[in-house]
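Each of the next two complexes has chain A plus one other chain: chain B in the first, chain C in the second.
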Partner chain A sequence: MKTKQLFLNALLVLAVMFAFTSPAFAGNVYKLGLSLAITGPTSDAGNPYSKGVEDYFKFANETGILGADKIDCTIRDDQYKTDITKRNFEDYLDQGIVLYLNYSTGSTLGLKKDFEEEEIAVIPASFHRGNLDGSNYIFLPVASYSEQVISMGEYVANNHKGETPKVALFLHPSAFGRGPLADTQAAVKAGLKIDIVEVVEHGKDLDNTAMLKRLMSKGVQYVISQTIQSPVATMLKDAQRLGLTSKTFGEKGKLTFLGAHYTGGNDLIALAGAATEGYHWICSYNLTSEKTEGTTKQLALAKKYGRDAKAANSHNYANGIMVAQVATEAIRRAKAAGLKVNKENLYKMLNGMNGAKAYHPYTTVGPVTYSKTDRAGVDMLQIYSVQNGTFKKVGSPMQSVYMKKIK
Partner chain B sequence: MSYFFQLVVSGIVVGSIYALAALGLVLVYKSSRVLNVAHGQLIAAGAFITYALTVMVGIPIFFSFIASMIITFFIGMLVERVFLRRLIGEPIISVIMVTIGLGSILDGLIYLTPFGTENFSFPAFLPQEPIALGGVSISWTQLVGVIITFLLIGGFSWFFKKSTVGISMRAVSDDQFGSMSVGISVPKVFGLAWATAGLSAAAAGCIIGNITGLNFDTLHAFGIVVLPVVILGGLDSILGAVVAGIIMGLIQQFASGYLDGNWGLNGTGEVLPYIILLFILLFKPHGLFGIHEIERV
Partner chain C sequence: MSVNTWLATGNFNTTYKQEQKTFFTSLDRSVFTFFLLILFIWPLIFPLSNKYMLVIDNVLIAIVAVMGLNLVTGFAGLISIGHAAFVGIGAYTVASFCRTIGDTHVIITHFWPVMIILSGLVGAAFGGLIGLPALRLKHLYLAIATLSFQMIFQWVINFMSFFNQGQTISVGRVFWFTGKIGRKDHYLFWYFIILTVVVLLGFGIRNLLKTRYGRCLVAVRDNDRAADAMGMNPGLTKVYAFALAGFFAGVAGALHAYLYRGVGFESFTLHESIGYLAMAIVGGLGTLNGSFWGPVAIKYLDLGVENLSEILGHYTPGMNLATALKPFTFGLVIVLFLMFEPRGIANWWRIIKSYTKLWPFRY
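And then the complex of A and B:
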């Protein structure tokens, strides 16, 4: 009786042990790292972005996109502080990452030399063109801020009726905001038919009356923003109050507002409500307000991992998914080519994503086309405008003409 | 000419909101000589509480506004009771360091909620059409903001000048040991100062949130943005906060309206108030209305 009891107890112990032990795992694990602002400044963008990255990698592991192999991506909050980003990056290096995902413009510029020294491919959430200067390893996910601003300038020039349109640039007072200025001025020199009348760097403004009236007095008709949503929201509300917002694109005697990637999206509508009506916004992502195969997949992914509607419909969630997709695809291609999945080979795979090998993530309006001479991923841009409280497509995806001329 | 008057109106609007946001800093400093670095977090908390009560609980916004002021009143009191009371008598720098830590704790708590990383806006509850008079326009949000600001500032001025509790608070500010010797409870006064600062922060948060939308970074930055206002007015003067707030608001609007975009200048509305602040402090180091204490040894 005692022996039987002992035997049963031993069986029970074994059963418990097996229950808490992972099954034998035959595949390889590829380490990746992401450091970004999940809290702190710009976390309204960073938070859904991190969810997109996390969900897609989970999905890739669960559905066996890489066969028996898995991706282990550590995601850490850096609160938008470059010193913490650097610490995270160094820690990731110690863990043996094969690809690094970064976030802010400041930290990408700050760590550029480190990326060169480590010879590791980096995909940041910053689309600052200056990231690419003097760097061989930074890959922008989509068209740069410069390209976005110049494309909007082209859109204005092509759709404006009358003399050369007068434009003001409304910029964030940082490298992120100022980045496109020199490129846009170069595009104007190269023949882009817009007149940049004034460049405004905003602060923590509670009232933009003086600025808006001043722009009106100079005959400005278009304001192109390269900043974050909050200052744009205040400006749009003020323009609406002062009766300066155009009802149709380019309405004479009024202001038409346009903006780059981080100025728009559902967050802008959440902040400024009806004042966003008619706001033109450019980005390289499909929006869930326009149903496509890609947005259906995006929403399904969010649902699968229990994300709320706000995250699921965020273009920054789409942004995160896209970056994770590109990283996964690079690994898949390295494996398919019989190469070892390491820093060097992933760098090669990214550089090879062009021509017939261009990669089309499901959240973007065009394919990723990287090469040794072009490390801006998706070159296509889609203009959206707010109609009845949601962003709707305006025309087809476009590609900047003048960006090529000034490169 | 309407351009000039529009700038004046906008300057007064912005300035009075600065004054309200600065009021909490003045109230705490006036009674305890502590500069509360976590004031911006209280401003944000007040706005988020109002939003949560209005949108998530369904309480009409006016009552949510009152309720959020009451809640932040008690939050202020709790903060003082838990973190600061035990520091009475300790060097001021230690207390300021605690308020920096407090700011981090409040940041962390807010980041645990959706308000830390998402954007919201109050449901529209005022007419959307602005009030326009002779080419000068003001939105209802701004007008109501200015009225609430002046009501609160007037109320606090009366409270400090006429009420027994207010006079006790001023006495504690002047001389803690002297106040204790006449039976005033210094800890209670400190608690009340933090509570009223919380209350005014909620009011400021709601007004700013109505103008800018509810974004944590934007809201809590106003705790720092208004520091020049408090320093210019005199750290312990409510009247000083009002006057300095309006001066700052007017300078910003006029600089932005007349200097920016001309002669290659840009961002003068951001810089000029600080230059003027430095200039004034050269001649009046205690601010325009701050008390110049003479220490006799």
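And then the complex of A and C:
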């Protein structure tokens, strides 16, 4: 009898101990999925991007942004291959995700029909305008590549002295690179005062001497790039070696280089060194080289989760944080409105992010504004240029005039 | 003939026809039928998630493609390193129709078996055309010719706006007697279709090899001059070997297009061609069952390395291990097979089979 009593007491003690030591988690868990290139091509951008997403969701869960509820975002490497992205997406759907985060242009275009069928909101890392054609569920985080290239064209037209400036476009040989071409040509037709003299689709050239000489012989003064960092770095180094890089913006007889989001950042400086001096870069993100409240928070987040300086200062880390911020905010708003957090309501919340309800993430130079007719998030763009080895702001954030005209 | 048709020991064949049988004993036939039955039934009993069904379907498509490659490279001895381009021809045949008549047109969605056969025929036409240099070229030179085809294919797809410059061209969902195949059943439906194609084409090759046309392939591989002297037509044999390989590849391409519901350039690059060649080598060149083993081994190796990289990535956060690990293991496996088992996994299968036949007696 005594033994039985002892056993029961021991059980009771264990039960009480277990009740106090086990996590007292009573909230909901919202499943999200991210598929991106952590390895393979473009992983230099994908790696910090994934860290940004991971860190912000951790932060949101730890600080209780969603109260007792948590976000569980599975992050998988797709090696920049659409078939692996498809496999990851199918897996996430089986897990019951409420929002999906994608990465590349190719896979976003490839899975567009699936997104439509599943009626799930998707935020990719690709800013290709073609993602939005025939799609209702893809939300670009920031202004499209087209808008970025046209904005640079406008910047050239506004700051060039003399006759209509001659411009060459330096594009990645893919939809990602080619996307802005037709839009830029349409903007020129609509009155944008630049003359597109040549469109170069770069290969894997290790030397651009011939191309640069050809551009010079055609009187080109500005080269606008829509590609990734490594081909731009090669071109900048060759231009410097040949003495073709302008010292000031639009210097006559020289080339002034400009580029869109994925051409720039600290990695470009690391690749091309001093040859990047004077390089103009357009981007919707705050950079840590220009201290603001947002960049301080970004660096603090990176420090909190033990990220190295390279990741912490990367604009792609900021990009990842921003996407996670938007997703978290959509969930928070759905909860605040007393709605169930599901695919339908998150889609509604994203579409409602405009006017007074626009969302201001700390990582960007402007607010996120989505609606049923505008699914490019941050419309503001900031031009930066390399000065003494770091990117510095040039003027205030701008918004493309011609993009609205050609839409 | 042996009295016992279930466990025949020794060679009792008295005619050539008897030697051509697909199954030598009733046991062989029963085991094969049972295995086939299991292949068709298991997904209904143990349903897998879409993710894994997609992987399995992908392996089956690779089997169709590698069967074709094995015909031209394994049986006919004509090296082809542009096989992914032939698969691409099949996929882009479906994609071309989608671009022209729309991806939800009844021809795409209802007459998909016709589309698959048509893609195979287009693949065969291109195969025959690319096979023409084989009349004049051999070995490394022929390899370069097929490589050129791969390059031309990539260039055309990547730059022609009709092919969406290599970006995905959508393919609509297909219909079956029960109606439209939705996402829930999509991968399971295509599992049954692709498996049926694999079985039909597998038997097709098995039977082809028993005919004079099949024996011509092997004869030309072993010595084309001797084959010529024996009254065979080596030129025609080489061209139809390429055409047959093109047919298999074209069918695989169409299946790929329907399975992924889209056709994109990146699935048909030189890298994929090398992959098919690796599957054929690892499986066993010049064997039918090698065409099954190779894709299974390479695709699951890929998946295994992917999972391993993910696990290792947690312990080595600063290193980009997966980028190095995948090509490293892929290359290592091919080199090891070439060095230690050039006859591929098919040879292990042969050893196991002969062991079980003799068991429990050694001789």
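Rule of thumb we're sticking to: the second predicted complex is superposed on the first by the 385 of 407 C-alpha atoms of A that agree within 3 Å, B and C clash if a C-alpha of one lies under 4 Å from a C-alpha of the other, contacts with A are read in each partner's own complex, and residues count from 1 in each chain.
One rule holds in what follows: a contact is a pair of C-beta atoms (placed from the backbone, for glycine too) under 8 Å apart; a residue touches a chain by one contact, two chains touch by 3 or more.
Fair warning: this is a prediction, and the values are worked out from it, not measured in the lab.
With chain A as the common reference, chain B cannot sit beside chain C without a clash. Of the two partner chains, chain B is the only one that A:T209 touches; chain C does not reach it. When the two structures are aligned on the shared chain, A:E277 is found in touch with neither chain B nor chain C.
In the superposition on chain A, contact is made by A:N47 with both chain B and chain C. Once the two complexes are laid over each other on the shared chain, residue contacts for A:A175 go to chain C alone; chain B is not touched. Of the two partner chains placed by the overlay, only chain C lies in contact with A:K81; chain B stays clear of it.
One of chain B and chain C touches more residues of chain A, and that partner is B. By the touch criterion defined above, A:I38 lies against chain B and chain C together after alignment on the C-alpha atoms of chain A. By the touch criterion defined above, A:A233 lies against chain B but remains apart from chain C after alignment on the C-alpha atoms of chain A. Superposing on chain A, the segment of chain B with clashing C-alpha atoms against chain C, chosen from 27-35, 99-107 or 189-197, turns out to be 99-107.
Shared interface residues of chain A (contacting chain B in one complex, chain C in the other): 38-40, 43, 47, 173. Across the interface of their complex, chain A is touched by residues 3, 6-7, 10, 13-14, 17-18, 107-108, 111, 114, 116-121, 124, 128, 130, 137, 139, 142, 208, 211-215, 217-218, 221-222, 225, 252-254, 256-257, 260-261, 266-267, 269-270 of chain B.
Within the complex formed with chain C, the chain A residues making contact are 38-40, 43, 47, 76-77, 79, 81-84, 86-88, 90-91, 93-94, 106, 109-110, 112-114, 117-118, 130, 173-175, 178, 308.
For chain A in complex with chain B, the residues that touch the partner chain are 38-44, 46-47, 173, 198-201, 203-207, 209-211, 213-215, 217-218, 229-230, 233-234, 237, 241-243, 267, 270-274, 310. On the side of chain C, the complex with chain A involves touching residues 49-51, 54-55, 58, 158, 165-168, 170, 183, 187, 260-262, 264, 266-267, 306, 309-310, 313, 318, 320-323, 326.
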